[in-house]
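Take a look at these structures.
Shared between the two complexes below is chain A, which pairs with chain B and chain C, respectively.
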Partner chain A sequence: MSKSLVPETPTGPEEPAVRAPTDWKTAAMQKRIRRRYAREWRFRFFGFAAVVLSASFLAFLLVVMVANGWRGFTRTDVALPIDFAASGMVVERSQLATPAADLALAGAGLENAVKSAAATAFGPGGEDFISENAWLRVRDAIKRDPSLLDRKLRIDVPASTRIDQAVRGDGDAATRAAAARLQQAGVVSRHFNTDFLLESDSTDPVAVGIWGALKGSLLTMAVTFLIAFPVGVLSAIYLEEYAPRNRWTDLIEVSINNLAAVPSIIFGLLGLAVFLGSWSLFGYQMGPLLPRSAALVGGLTLALMIMPVIVIASRNAIKAVPPSIRDAALGIGASPIQVVFHHVLPLAMPGILTGTIIGMARALGETAPLLLIGMRAFIVTPPGGFTDPATVLPVQIFLWSDEVSRGFIEKTSAAIIVLLVFLLAMNGLAIYLRNKFETRW
Partner chain B sequence: MNAFALMFLVAGLGLIGWLTARARAVRFDRGGAKRLHSLPGQHGMYVAMWTVLPALLFIALWSGVSPGLVREAVLQHPAAAQLPHFDFERDALLAEAKRVATTDGATAFDPVAAQLVAPTRAAKSYYGWLGTGVAILLAFAGGAFALTRIRAPFRARSQVERGMMIVLLIASLIAILTTLGIFLSLLWESLRFFSAVPITDFLFGTHWSPQVIDAAHPGKSLGAVPLFWGTFFIGAVIAMIVAIPFGLMSAIYLTQYAAPRVRRWMKPTLEMLAGVPTVVYGYFAALTVAPAVRDLAVSLGYTYASSESALAAGLVMGVMIIPFVSSMADDSIAAVPTAMRDGSLAMGATTSETISRVLIPAALPGVVAGVLLAVSRAIGETMIVVMAASGAANITLNPFESATTVTKQIVDLLTGESEFDSPKTLAAFALGLTLFVITLLLNIVALRVVKKYREAYE
Partner chain C sequence: MSDAPHKMSARGVSVFYGDNQAVKNVSIDIDMDKVTAFIGPSGCGKSTFLRTLNRMNDTIASARVEGEIMLDGENIYSSLMDVVQLRARVGMVFQKPNPFPKSIYENVAYGPRIHGLAPSRTDLDAIVERSLKRAGLWEEVKDRLQDSGTALSGGQQQRLCIARAIAVDPEVILMDEPASALDPIATAKIEELIHELRGRYAIAIVTHNMQQAARVSQRTAFFHLGNLVEYGDTDQIFTTPREERTKDYITGRYG
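After this line comes the complex of A and B, so read on.
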C-alpha cells in the first residue's frame, strides 16, 4: 500500500492548488505503463497456472491410478491338461451331488492331482505356473459335471502371480522365459477378471476380490444412513423452525459447527472408547457394548461423523424455503408441525438429499476411524450381517497397499478405481438432484 | 429374540394400533357439535406413539442392562467358581462361553468355558424372553391406555404434536451428547494416562519411542514434542506452502479473470480434489510421490534420503487442501463490497493492482481464517501420513528427513497387538485429546475472525 499508483507531480510551495495534467505520452510514462501491464499479465498468468496445475494434479493422480489399476481387472489363464484316470484319484461319485462334495474332492487329493498335472504338462516347476487356488476352479468344474472325472480334459485355470506378471513383461528373466514358452505353446489366455468383483480378500494377489469389502461398505453405509439421516434432519428442523433463541440453542449450534470440523480420527477414538470399551453400570462390569470389527460399530461411528454435515445442509435447505409458504399454511389453519412436515420439508427435500449424499460419499471414503475400531480384519468370507466382522473398501485398499507382493499394486489401484467410480456416481447423483429439483424462489 | 426382530414386532404393533385407533375415531365422529376435535389420523398417531415409544425405550435400556444380568447369572453358577480371579482371563473365558452359546456348531476349547456354555445359554434365553415379554406387555399396555382415551372431543393433535416436539428436541441434543462424549471419553482415558505418566513428561519430553517403554519411568519414552513438531512441520508448514499459493491464486483467477463458462467447469473440477478419499492420496503419496522425492533428494546430494520423507506427505496433503483454501478465499473475496473494487478500477488501477492492493487486504481476515481452518484440517489428516510418513520421531528442519505426526502415532499405537489399559494405548487417547483441543481452538479463533469480519462489511 505504500507506493502510490498515481505519479507524483512536482508541486512548488508557492502554487499548491494547480497540478499539471500528466503527460502519458512521455517515454517514462509509457515505460511505466508497460511495466504495469506486464505485471498484470504475470499476475494473471500465475492465477491461470495455479488453476491448470491444480487440475493437472487431479489428472495425474487419476492417470496413475488407472494406468496401474486397469490390469487388476484382467486375469491370465493357463489351459491345463488333466487326465483324471491317470491321476489315481478315488472319488465316491454319489457324494458329488451332496453338500459334502467339496470335502470329498479335497480329501481325494484333488489339489495334488492338479499340481502334478501342471508339472507333467509344463515340465519341472510347472506347479508354480498355476495359482494356489487353481484346483478350486477344477473342483467347481467337476461338481458341475462329474463325468469329467472319467475323461482327459483341458481346463483354464488362473496363472500364478509370477506368470501373470511375466506375461505382461514384468518379473525376472527366468519367469519371463517360462511365460514366453507357455505363450508359444498357446495355452495362455487373458480374460476380464470377474472374480475380482465377486471374491473376497486372500493372501494370493491373483485370487483377491473386493466383494467382501464392498458388502462391508454397503452394510456400514446402511447403518450410517439409518441413523444420521433421521437424526440430522429432525435436529435441523428443530433448530431452524422451533428452537427458541437462548443459550441452549446456541450451545447446540456451536457443538454442531465444531463437530463438523473435528478430525475424523477423533470419532474413531470416541467409537473405540464408547462402543468397544468396558462399561460398568451400577457395579456390573458389562464388557463392550457392541462386537468389535462389526459394520454396526463402523456405521454408528461414521453416523456421528457425518451428522453435522447433514444438519448444516438441511438447515440451509430449510432456510431457503420462503416464509410466505409458512405464512400461507398457518393462515389456512395448519398447526406448526403440519406447516413443517406438510409444506416446508417436502420443498426442502432436494437440498437435504443433496447434502445427505455428499455426507454419505464422505463416509464411504473414510478410513481412519474404522481402522481404530478394528475393521481391518482379514475377511475371507463376506459379512452376513451387521454384527459380523467386516471390513470396508477404503480399509481394504489400505491393507492391500501394505502388502509387499508386486501383484497387489495393481489390485490396490483397481480397488481404488472401483471406490472412485462409486464416489463419482454419488456426487453425480447429488449434482443431478440439485440441478433438477432446485427451485429459485 | 434379538433386538432387531423385537423392534420390528413393536413397530408392527404400532401400525395395528394406528389402524385401530383411526377406525375407532371415525366411529366417534357424529358431525355437528359432536365433531372430532382432531383428524382420525392424529388419533391413530397418538395410539401408535403410546404403543411404540415406551416399548422402544425399554428395549434400548434392556439391551444395555441385560448383558450385565446374564453375566451375573452365569457367575452364580457353581462351575463359575473355577474361573480365574484375574479380570482379563475371566472375561476371555466368559466371552468364549458366550460365543459358543450363540453360534451354531461352535465348540469351546477351555473346559471351564465349556461348562459355562449351558448356564450362559439358559441365562441368555431367560433374560431374552423376559425382555421380550416386558416389551410386548408395555406395547399393549401403552396402546390400550391410549385407545381408552379416544373420544370425539379428545385433543389428540396437541398431544401428538407435543410428542413430536420432544422427539425433535432429543434429536438435536445428540450433537451436544456427541461433543460431550468425545470430550469426556478422551479426558477420562487421558487422566488415566496422566496418572501413570506425568503430564509434563508427555507435553515437554523430546524422546518418543513407545515400542520400548521403561515400566518404572514410562514418561521417559513418551515425550510428545517430536510428534507436535512433525505435525506442525508437515501440516502447517509444508502443506501450506503448497496449498496457500495454489488455493489463493486459483480462487483469484476463477473469480476475477475466468470467463463464466471456464469458472463453471473448473470450480467443480478443483473441488473434486477435496472429494478424493484420503486413502487414495495416501497410496498415491507412498507409490509415486515418495520415491520421486527420494530420487530428488539423492540427486541433490543427500545420500541417506528417507523414502518416507516429510516432504512427500506434506506435498500431497497440500494438494488435498487446495480446494479448501480456494473456496474460503473465494467466499471472503466475494464478501468485499463491489464499490471498493469498482472504485479502485475507476481510479485507473489494473485488475491485478485492484486485487493485490484492495481486494486481498480487505479480504485478509477471511483468508487468514480460511488458512487457520485449513491448518486444522491438515493436522487432523490421518491416512496420508499413515501411509506416506514414517514412524520415526525426529525433530528436523530438513524436509527430506522423516518426521511423524500425532495422527500417525495414534493409529500405530492402537492397531498394534496390546491390551487396552497399557500406557501405550492410553497415550493414544492423550494424543487424541491434544489434537482435539488444538483443532477446537483453531476453529473457534477462525470462526470468530470470520464473524467479526462479516459484521464489519454488513
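After this line comes the complex of A and C, so read on.
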C-alpha cells in the first residue's frame, strides 16, 4: 500500500486573534449582575407566592368541608323506653322468623306503638323527638330477639332532625329547650353514623346515606373506563402510527381537539338523543335503546366526553417515545404491531395513564350531562347492576344542596368529603400504576 | 472485482424525498467477505442509501425508491419480499446507541424471540451468550445480564446493539456511523469488532471518519450531492483516487 493521502491529524481552525481581557469589575458590568440577581429573586418570589395562594385556597376548602361535614357522619340517638306488654300489640310470633316478619310487625301497628311510647316517655309532642324511621330500628331489634316483645326495654332510636339540630345548638328556642331537657334526662347519645355509609337517599336527612350514590358512581366509572380507555388508546395508536398524513387525518385531529373543549352539557344532550331517543329506521319505530337513569347510559355519555382527552394525551405520550426505539425494533425485523405493543405502548403508558386520570377525575365530578339522562331521580335503593336506576355522587350533592331542611347542609358536606376521598383513592391508584410502568431510558 | 455472485447489489438506485432527489442513480455491490465503507460530506445521501438496503426508508412517508436492489438475486423492493423477514436478514446498527429500556438479556433475546428462532429457554440462553461473545461484550456483562441495557456505557451500549443485531443471525449488517457518538477507545473496540465480524457477515458501514474507513474497509464508495462519485478498493481510493473531487475530500479540502 502506497502512502495514504489522508492527513494524519485533522486540521483545526486557526487560533483566534489576541483580544484584550474582559474587565468584570466595571460599574456597568456590576449593575448588570445586580439586575440579574434582582430578576432571579423577583421570579422566585412570585412563583412562591403563587404556590402559597393556591395552597391556601385548597386548605380553606378542606377546612370548611371537614368542619361542616364531620357532623354529617354522626347521629344523635335517643334512649326510648317501650313497654310492649302495655301497648296491646298483637303479633303472630311464628311469623317473626320468616320473611313475612316485616309485614307482620307493620300490620300489628308497631309504628304507632313506638310513637305513643315516645309521647309517654317525653311528654306531649314527644313523638316528634324521634325520627320517622325510628320504628324501623325497633323492628330490626325485635327480629333479632323476639323475646323483647315480652319485656320492658330501653332502646336507642335515631332522634328527629329537629332534635338532632337542636342538640348541636341550632333551631328555634322551643326545640332547643326540649333538647336540653332530653340531655338532662341523660337519654341523648351521639354515635358514628354507619348508616350514612350503608344507606341511600331519603326524604329525612337523619336517615339518608351515601352508599347508593357511591355505588352508582362506581358502576358509572367502570362503564366509562371500559369504553373510553380502550377506544381512546386504540384511536391514538392508529392516528399516530398507522394513519397516513393527509387532509382527512388533519380534519380528524382538529375535530378531536374541538371535541375536548365542548361543554359537558352538550354531551348530555347527545347521550339523551342517541341512547335514550326514539329512532325511526327503515320505517320501523324503535323505542329508547337503553333504560334511562341507568349507570350504563351515564357511563357511555361520560365516555364520549372524556374520550378526546384520552386520545390527545395518548397521542402526545406516543409521540414522546424516542424514534430510535422504533428504529431499533424495526431494524431487527419487528412488525409494526410488535413495535407498538412491545415497545411504544409500554414506554407511553405513564403518559397515557396520566391523561386517563385527568379524564376520569373530570368524569367523576361531572353533573350536568347526567341530569339530562335522568340520573337525578330520587332513588332509595342502591343500584343492583348497570341497568338499574342510579344516581352518582356529584348529582347527589347537587340534589341535597337544593333541599330545604337544615339537616341536609351537613349531609351535603359529608357527601363532598366522600367524593373527595373517592377521587383521592382513584388518583392514588393511577399514580401507583404509573410508577409501576415507568421506565427510564 | 471478483466473479462470485454478490451478496447484495444495487443497480440504478435513486431515492426521492417528495420532489427532492437525495440519491441519484447509484450502483454498488456488497460482498460477503468484504467491508464496504460509504464516505462523503454531510447530506451526500450515504445514510439514505444505506437505509434503502433494508427498506428502513419505508417508515418515511414521503420517501420513494427507484431502481433495483438484489439480495441473493431477489429484488427486495418486489411485492413478494416480506419486509419483516428482510430486516431480519439485513440487520442494522444505528448512529446513536439505542438499546431497549430492558435488561441486557432481553435486548439480545428480543429478536430471536419474535422470529421464533429459539424453541427452548436453553436455546435462547445459548443464542444470547453466543451473540454477546461475538460482539465482545460477554466478559463485561456475563454477571449482570438482568441489569438494564441503558445503564451500560456508550461503547458497551453500541456493542450491545451489535449483539442484538447478530442475535437474529443476519446475512448482512448495515452500520450507520456506529462509532460517531463514542470516545476513541470505544471506537477502537468497535473497529476491532468489525474486523472480527468480517467474513461471517457482509458489512456496509457509513462513516464520517476517513481514517476509520481506511482502517476497517476493503471497498470504499465516495458520495457527493447524491451522486456516487467513485467506488473501488479502499487502497486505491485513498492512494490514487481517479476523481479530483474524491482527492479533495480525502485530503480535507472540504467536508
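Quick note on the criterion: the second predicted complex is superposed on the first by the 366 of 441 C-alpha atoms of A that agree within 3 Å, B and C clash if a C-alpha of one lies under 4 Å from a C-alpha of the other, contacts with A are read in each partner's own complex, and residues count from 1 in each chain.
In the analysis below, contacts are C-beta pairs under 8 Å (C-beta built on N, C-alpha and C of every residue); 3 or more make two chains touch, one makes a residue touch a chain.
Bear in mind that the values here come from a model prediction, so they are computed numbers and not experimental data.
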Touched partner set for A:H343, first chain B, second chain C, both or neither: second
Which superposed partner A:M65 touches (first chain B, second chain C, both, neither): first
Partner chain in contact with A:Y242 - chain B first, chain C second, else both or neither: first
Which of chain B and chain C A:A329 touches, first, second, both or neither: second
First, second, both or neither for A:T220, with chain B first and chain C second: neither
More chain A residues in contact [chain B versus chain C]: B
Footprint overlap on chain A, where chain B in one structure and chain C in the other make contact: 1, 5-6, 335
In the complex, chain C residues that touch chain A: 54, 56, 59, 61, 84-88, 91-94, 96, 98-102, 110-111, 114-115, 148, 150, 161, 164-165, 167-168, 210-211, 214, 235, 238-241, 247, 250-252
Residues of chain A touching chain B in the complex: 1, 5-6, 36-37, 39-40, 42-44, 46-51, 53-55, 57-58, 61, 64-65, 68, 230-231, 234-235, 237-239, 242-243, 251-252, 255-259, 261-267, 269-270, 272-274, 277-278, 281-282, 284-287, 289, 304, 307-308, 311, 335-337, 361, 364-368, 371-372, 376, 394-395, 397-398, 401, 409, 412-413, 416, 419-420, 423, 427, 431
Touching residues (chain side chain A, partner chain C) in the complex: 1-7, 10-11, 244-245, 322, 324-335, 338, 342-343, 347, 439-441
Residues of chain B defined as touching chain A within the complex: 64-65, 67-69, 71-72, 87, 91, 94-95, 157, 160-161, 164-165, 167-169, 171-176, 178-179, 181-182, 185-186, 188-189, 245-250, 252-254, 256-258, 266, 268-270, 272-273, 275-284, 286-288, 319, 322-323, 326, 347-353, 355-357, 361, 373, 376-377, 379-383, 386-387, 407, 410-411, 414-415, 420, 428-429, 432, 435-436, 439-440, 443-444, 447
